[in-house]
Amino acid sequence: MDYVIEMLDIRKEFPGIVANNNINLQVKKGEIHALLGENGAGKSTLMNVLFGIYQPERGQIRVQGQDVNITSPNIANDLGIGMVHQHFMLVDTFTVTENIVLGSEPKKGLKVDIAEAEKEVQRISDQYGLKVDPKALVRDISVGMQQRVEILKMLYRKADILILDEPTAVLTPQEIDELISIMKSLVEEGKSIILITHKLNEIMAVADRCTVIRRGEGIGTVNVNETSTNELASMMVGREVSFKTEKQPAAPKDVVLDIKNLVAKDNRDVDMVRGLDLQVKQGEIVGIAGVDGNGQSELVEAITGLRPSEDGEILLNNQSITNMKPRKIYEHGVAHIPQDRHKYGLVLDYSIGENMVLQTYYQPPFTTYGRLNFNEIYNYAERIIEEYDVRTPNSLTMARSLSGGNQQKAIIGREVDRSPDLLIAAQPTRGLDVGAIEFIHKKLIEERDKGRAVLLVSFELDEVMNLSDRIAVIYEGKIVANVEPDETDDQELGLLMAGSQRQKVGEPQ
Amino acid sequence: MSVLQEIIPSAFLFAAPLIFTALGGVLSERSGIINIGLEGLMVMGAFVGIVVNLELAPFMMENFGSTGKLLTPWISILVAAIVSALFASLHAIATVTFRADQVVTGVAINFLALGVGLFLIKQIYGKGQTDMVDAPLNSTDIPLLSDIPFIGPIFFEGTYYTNWLAVILAFVVWYVIFKTPFGLRLRSVGEHPIAADTVGINVNKMRYIAVMLSGFFGGIGGSVFALTFAQNFSHGTISGQGFIALAAVVFGKWHPLGALGAAIFFGVAQSLSVIGSGIPLLENIPSVYLQIAPYVLTILALVGLVGRAESPKALGTPFIKGSR
Amino acid sequence: MILQKLKGTWIPLVAIGFGLLAGAIIMLLFGYNPIQGYIALWNGAFENPYFTGETIRLMTPYILSGLAVAFAFRSGLLNIGVEGQVFVGWLAAVWVGTAFSLPAFIHLPLAILAAAVAGGLWGFVPGYLKAKYQVHEVIITIMMNYIALYSTNAIIRNVLTDQGERTDYIAESASLKSAWLTELMEFSNIHFGIILAIFSALFYWYFIEKTKYGFELKAVGFNRDASKYAGMSVKRSIIMSMVISGGFAGLAGAMEGLGTFGYMSLQNSFTNIGFDGIAIALLGGNTAIGVILASGLFGVLKNGALNMPTSAGVPHELVDIITALIIFFVAASYMIILFREQIISMYHKLKHKLSNISSKEGK
Amino acid sequence: ACGTSDEGNADGDSGEEKNCEPSDDAINVAMVTDVGGVDDKSFNQSAWEGLQAYGEEYCLEEDEHYDYAQSTQDADYEPNLNRLTGQDYELVYGIGYKLTEAIEKVAGQNPDTNYALVDEVASEMDNLTSITFKEHQGSFLVGVAAALKTESNQVGFVGGVDSPLINKFEVGFEAGVKSIDPSIEVDVRYAESFDDAGKGRQIANSMYNSGVDIIYHAAGGAGNGVFSEAKDIKTNDPESYVWVIGVDRDQYDEGTVTVDGTDYNVTFTSMVKRVDIAVQDVAERMMEGDFPGGENIEYGLSDEGVSVADTNEEAYTEEIATAVSEWEQKIIDGELDIPSTHDELEEFLNNL
């Protein structure tokens, strides 16, 4: 059998941790090969080894049957390997084209031939149906387009073997569909794809085969059409998992959050929230469904005081919290799981313990007479770590050294444990594995059942549908529909999110 | 004589060394390496420029007469630039290869340059400062251009080729940074080194080049300063110009033409403060106000006009391959 | 945790070793006797109580300027303005010291306070501009240095004196000097400032490590967005950090005004106390105890350097070179770590070889 | 001690063999520089030359019988004085007014050693003498010369830091100029630094542009900028009429310009301050058992403590020299009191 890629018996260690051990990965030409594993299982590490960013301690790599020694991304490029990294590798201040040609620029005299480059980018993007604006600045484009820029980067370099590390984690359902069709057309062109994802249904939908790794060890490779999501999931976690989160019907009571005619601007001074109304009651989960960039982030930031409200009113338990300082808003009983955990959620250079009191450090018992009480802080942190199953050596460990999933669990523990009246969860499971997702979903429902109001913002329809007691669809800064999850389906939600009016059931807007 | 004709040449003269040095700063910082050592790089440039000039001038004048004398400062500047580039490689080794704190290494560069310069002066000349050079840079009227009415006398009469070299270099650096593949790569390294690495750009090499270029430019700046102003080398020859150049880098928002403008702004502010006491209108203002005027003006300009400058994102962070 | 902290301390020690070694090599290259040179350095710093006292006197302002830089560093700010803050602190201390006649227990604290306040004000400007208008603190602090230099000179000339070169001596009641200390150290200029400096270091440690304010400041230093998210006031932290940093620097000025000199004279250029402070802060890893030790090193080197030309004929600039190299080596601690790894692996290889040999011999 | 010896000056290097024995009654002397350092081309250097000359005269060894300690900051003065005292030097000089406080203190603590302060009057002590110079007298004479030389009737003064000491130069100069012709304008500016040659040059540029043709500088390193500017003007136009008056030492060498093989010199004259003579003089008086403790010896025109350089014979003409020496005589004879402060200047000008 011809394999385009063979990684045999790979071992990669980091100080104090074996990220990959005995891993085998064989990719056939023209297939989409999924790589599955929990957070921290070692998927990205394995791909970074293949792409020449890390050197393995042991093992062998063959490309098109040839033994190779990939010591740098350059060599990987030359071998036709391209990679879209889990965290995008784009320079914000550059244009799309500049990002794509960076490192292999077409020249005219001494100059970068930008016009030629733009033409080429346009050509490739037309060829594969990747809609991008070659002249746009990367910082101004949506995440989905950034994703496509990353793919273009590989295609521009004429890569035949494409590695996509969790490409769908940040995409909207529509964008995911687009990506899937892009991937299919790429393999038709004879390219091979290694796809990392936590979403089993995506694997079922596009992949031909799937290799599973667990805690750094290779578990095995299966043909996708001979397996089921359940089997994949249990291979991955090593036990049975359930997908549909069990929950009782909601029993909503008093209104906790009441937003009236809210207006908020984004960083470029453009109105993003434009007269939005929203209510969340005790004991219910309200899911905000919408395509990224319709004012979700601005809405959450306005509620939490991180962004000024230009107009309208935000009431919490009938008291206005409009334009209060974030600290005052927390003190009024709001908790917030932020959407970007590295940027907002954690001080990566603080210990996990210190991060657990990031909002409450100044209150007793953590501070008495201005002095921090480290015993109290670390005891408290140990309790959260215990309760929320945060996998870390101890509470003195730096937040930076935890895996993404565990960082997220820590944040959720911190926010939930404050017993807020209103819990805002923005993309709480982004990039997490099914085990972690299951855990977090359970926690959110538990909170609801304790009588808290939960506002969920997510780009993943499944999540919104699964968890919410009520779905509010956001479009261009307004709530355009309020629907019950069991009275709607993906199809209809998708249309609403794209701005079409609702016709079937519920109150007309 | 018009006030402009008085202020501009003197401002320009003062600005030229700042422009060179600030361009170096822009290059280095664009690659992500903070360069507080600009002062030290200027010191090194001044030291080498003066010593080479002193040693070379007799030979050149003997063999090539007045052409030799004209050439001497240029050779001195070139040698100073090269030596300073080598000297700056220390900063590169420390910050790039050994991931040293860039601010602190810069401070060390400043100490080291002065220490080495004075130590060697003592070894060479047996005293703490050199004599004045015989072949300094001299002003000239630029042929043709100085005949242009109005503009000519202000910009091209009694000016220095180094002034214009500075301006031209600012445009060259601008072109290089924003138009060439090298510049694109340089900027990517300063903004997102990990991304640059994944497309096969050698981040460390780019940073070495940028820092050494900053030494090269700083060396030009220092030697031009020494060869126009003090014309000798001592502990006080370079007294803060490097820091002003650093300010010009930030003031100019890490843009070569911005740095050019900022340096000229400093030059004008400085010559206003100098000339002010000779202008009847300003004569009665206590001199301290004129002395602090350039610095106060800078602050006001930053607050009022320029506002927030966005530095290269990776500025100050060492690149560790494979880090997340 | 203690082990983790201790792990870092060997690096500066090795760096100092490397720096001195490099200095010795330079001395050999240029025909000086390094042993004599270093003996002269040592004697210059410690030969008798007088010089020891002078060394301590020299390190006193360094402790404070080091703390000033370190404090700002901790909240992610680079205070290059310590030079200027030292000047205004010095001036304020001397001003209060000369203008009033008060009992010592009021006068001295008042003069010290004035210095801290003046330095703090000088730090407030860049802090405020950074917080409010987002202008880079580096450039503002550089500008503020020059403004301080020229304004203090103007005030000395026009306000504190009638076109004089230096102010009057401060009143006895505002002086940090004490007959007792002076006698103990054979008339050296050591003064009680050292105690103030050490207390400041204690304060620094307590504030940064143990209080909620320190917690907030460090969080802002590490991650502004997360701090803002967590409800901390980023602006207030930035301003507070620059003010306190400037306050430390002002105290360093008070050491000169109330301790070493007892007056302030027209300044021709900067004192370097602030620039040295940057190096000291790093050398000390931005910790209180580290800053004290690093200041000690600077005190010894600078004071000892003065003795090198007269006692060993070595130009004192050599010490500047050595100091710079030490800073380099500390900054590039990664090099030292690599160096250690190299040595360890060499040691293991050697051991391996030796055991191979011995096992062969065994056969 | 350091490196190669400079052309022929008595560096005292161990290299050269001496064919004489140190004189028995010679005393061991040393000096502490201010931050300018021993090579400042100014009074520190001049003082050291005085000590070297003294060493030469009595066949002494540097480092053993005479030496200097260099200060890098103001706080170094006292330790340096103490260090030299501890090394058993019998007479220790402090060079520069900045050492006043330090030397007073050290002298008080070490009654067995003698001290001498240059450039400032110290408080009275048996083992401390003060050496000052009547810079205003010398400055007056170069002012006279400048007034006779100027064609534009505009002259300039560039000072380092505006301070009483530098004011003496300024005031004397202005008095001299106005004594010849009260209508001559004197443009006075300060660089506010002794180091910043850039500023010195910009000031000079501005002055020459505004018509000044002679600049007297008392600005140390910043004064180099004045020379640079004048030399640049001269290089471009050898016919141009620009002059610099040097300070402290004869700055003739600083003024040389070669244009197309012809040598010119922009140094019109210099106000020379003979610290070397003064230093040697005090040492010799101590040798003779006549240490002037508690006194202030003021070196002026009469004892050649200050003088006017006449090296540039072409510029500093016979005529000017004659006129200057007439004024000099008047001063020496006490017929004329030269002002040394702004207040005195005002009075002086009123009486013209």
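A, B, C and D label the chains in the order they appear, each numbered from 1.
What we mean here is this: contacts are C-beta pairs under 8 Å (C-beta built on N, C-alpha and C of every residue); 3 or more make two chains touch, one makes a residue touch a chain.
Labels paired with UniProt names: A = Simple sugar transport system ATP-binding protein; B, C = Simple sugar transport system permease protein.
Worth saying up front: this structure is predicted, and the values here are computed from it rather than measured.
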Shared chain contacts [subunit A and subunit B, defined touch]: C
Labels of chains that are neighbours to subunit B and to subunit C: A, D
A-C compared against B-D, more contacting pairs: B-D
Identity of the chain that, by mean CA position, is farthest from subunit A: D
Distance between the centres, which are taken as Cα means, of subunit C and subunit A, whole angstrom: 46
For subunit B paired with subunit D, centre-to-centre distance based on mean C-alpha positions, whole Å: 34
Distance between the centres, which are taken as Cα means, of subunit D and subunit C, whole angstrom: 36
Centre distance in Å when subunit A and subunit D are each reduced to the mean of their C-alpha atoms: 75
Sites on subunit D at which at least two other chains make contact: 2, 162, 192-195
Multi-partner residues of subunit C (each touching 2 or more other chains): 150, 153, 269, 315
Chain pairs that touch, as defined at the top of this document: A-B, A-C, B-C, B-D, C-D
For the subunit C and subunit B complex, residues of the former touching the latter: 30, 78, 80, 125, 129, 133-136, 138-140, 142-147, 150-151, 153-154, 158, 269-270, 275, 278-279, 282, 315, 317-321, 323-325, 327-328, 330-335, 338
Contact footprint of subunit C on subunit B as seen in their complex: 36, 90, 93-94, 97-101, 103-105, 107-112, 114-116, 118-119, 122-123, 236, 239-240, 243-244, 246-247, 250-251, 286-288, 291-292, 294-296, 298-299, 302-303, 306-309, 311
Parts of subunit B lying in touch with subunit D, wherever the complex brings them together: 1, 6, 9-10, 13-14, 61, 65-66, 69, 122-129, 131-132, 134, 136, 138-141, 158, 225, 228-232, 234-237, 239-241, 270-271, 274-275, 277-278, 287, 291
Parts of subunit C lying in touch with subunit D, wherever the complex brings them together: 44, 47-48, 50-51, 54, 57-58, 150, 153, 157, 163-165, 187, 189, 256, 260-263, 265-266, 268-269, 271-272, 302-303, 305-307, 309-310, 313, 315-316
Touch list for subunit D against partner subunit C, complex: 1-2, 35, 63, 67-76, 78-80, 82-84, 86-87, 97-98, 101, 105, 109, 160-165, 167, 192-195, 342
